[in-house]
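Below you'll find a set of structures to go through.
Common to both upcoming complexes is subunit A, partnered first by subunit B, then by subunit C.
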Partner chain A sequence: MSVTQSFLFLLRQPPYQGSRDVEMLDQILTVAAFDHIVDVLFLDDGVLHLRPGQEPERARLRPFAPQLQALMLYGVRHLAVELESLEERAMSSERLILPVQLVKRAAVADWIGQHQVVVGC
Partner chain B sequence: MTKSSGSAAKPVKFVVQVNASPWQGQGAHSAYQFIKAALAKGHAITRIFFFYDGVFNAQVSSVSMDQDLCERWTDLAREHGVDLVLCVSAAQRRGLLVEEGRAEGRIAPGFRVGGLGQWVEACGKADRVLIFAA
Partner chain C sequence: MRALHLVHRSPFENNVLRCCVARAARGDSVLLLENAVYAALLDGAMAGVVADATKWLRMAVLIPDLEARGLAGVELLPDVEAIDYDGFVDLAVAYPVIVTWS
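Let's look at the complex of A and B:
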């Protein structure tokens, strides 16, 4: 068995871009399945994943929010969101579809530095 | 007498993930250039994992311009023994695999089909993991 590593996934893309959502989630959950430490940080347009009131069915898109909630079930350690990315998109940290911890932009570099493998997606 | 340590850098083991297709921005081309440069400097590329639209790098195309990078990946595998792994589910979603497993004729030589687990495993043995997006 290999040594436990810490992975950070930076979710920077908005939802509903074809199969990207599902593939990104597959990668995160695969790492978690190998018992590595997995943290997820929503950043830039990635925070739109957390927006309440999404109705993708009306555009004939497959809902992704329920799958995103699997992150908490499969041993992801921290779910976090960058505060300024929320503010820039007029989103409130009080109303998000997942319980996430708030990270200020000034602290993001430190966050990244604490992980061995950083995956932008 | 002290030995000079600055001349030759310690070899680094890289795992590279390619997310972009050859015709989608510079991502795949930059990945290839980086890998060539790293190998030339004596570093090791322990695995290249093609994910998202990056799986299209393995597609045998009838248009020669698109084919250029695909052939260079094949050469890289032949000349340096680099392990080129296509994510099976990403490839299947994009119609690259007719059935489960390898479809001769559509996937260029040198590539093999694997899973995300092989990416995770490679990360565990690497010094650095690099991702080239679109």
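Let's look at the complex of A and C:
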């Protein structure tokens, strides 16, 4: 018997750190595949995944953005990004590669508190 | 719901402790373990940040990880509670949500 739980993934690592981004996505999609409620919040360097115009092939890196788009297809409930993390990195919330909702830093603690399982990755 | 935050990276290597504290709620606990124990030192460069956090967060540090690093007799910030493995277990069961900041 399975019990549905609510998961929050805090995505804090920048892109192109070995296979970390793929492993992180695997975790998220696995949980979603078991019909749990999944929310994803991009925080700190994790927001760098959302920067448009990335050309990883130029540095012989593996593109990750197309896989990130899969989050939309796998029933992830909320995709969100912390406003302050964007601002610290001179990023505009109006130009991101995924449609995400904006969350202020002061509201992140509430987000954490509203989930049964929180995974930092 | 209250959360227990686990921080295990040295504050001199990255800013994960600041990142954690910035997102913690009043009444949450932060446990410093592994190389994060250096943040609890009274004379360390992170003392101000941690002392500020103790005003509204419960801060704890894991004794075995202090001892492992030669910090058994070193003075810690007074409001950071030093706990052993049993204390770690008590904390873990006291909070419905545990967040590991890696």
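As a convention for this text, the second predicted complex is superposed on the first by the 121 of 121 C-alpha atoms of A that agree within 3 Å, B and C clash if a C-alpha of one lies under 4 Å from a C-alpha of the other, contacts with A are read in each partner's own complex, and residues count from 1 in each chain.
Heads up, the rule we're going with is that contacts are C-beta pairs under 8 Å (C-beta built on N, C-alpha and C of every residue); 3 or more make two chains touch, one makes a residue touch a chain.
No experiment lies behind these values; they were computed from the predicted model shown.
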Inset, instruction - Using the touch definition from the top, say if A:L43 reaches subunit B (first), subunit C (second), both or neither. - result: second
Legend entry - Contacts of A:A59 with subunit B and subunit C, given as first, second, both or neither: neither
Inset, instruction - With the two complexes superposed on chain A, say which partner A:V117 touches: subunit B (first), subunit C (second), both, or neither. - result: both
Legend entry - subunit B versus subunit C as contact partner of A:A90, first or second or both or neither: neither
Inset, instruction - Identify the partner contact of A:L10: answer first if only subunit B is touched, second if only subunit C is, both if each is, neither if none is. - result: second
Inset, instruction - Would you check which partner chain A:R105 touches, where first means subunit B only, second means subunit C only, and both and neither mean what they say? - result: second
Inset, instruction - Starting from the residues of subunit A touching subunit B, keep only those that also touch subunit C in the other complex, and list them. - result: 117-121
Inset, instruction - Within their complex, state which residues of subunit A touch subunit C. - result: 10, 12, 43-44, 105, 108-110, 112-121
Legend entry - subunit A residues touching subunit B - in the complex, by the definition given at the top: 2-3, 5, 7, 19-20, 23, 26-27, 30-31, 34, 36, 117-121
Legend entry - Residues of subunit B touching subunit A in the complex: 17, 19, 51-52, 87, 89-90, 93, 115-117, 119-121, 123-125, 129, 131, 133
Inset, instruction - Show which residues of subunit C lie in contact with subunit A when the two form their complex. - result: 1-3, 19, 22-25, 28, 96-102
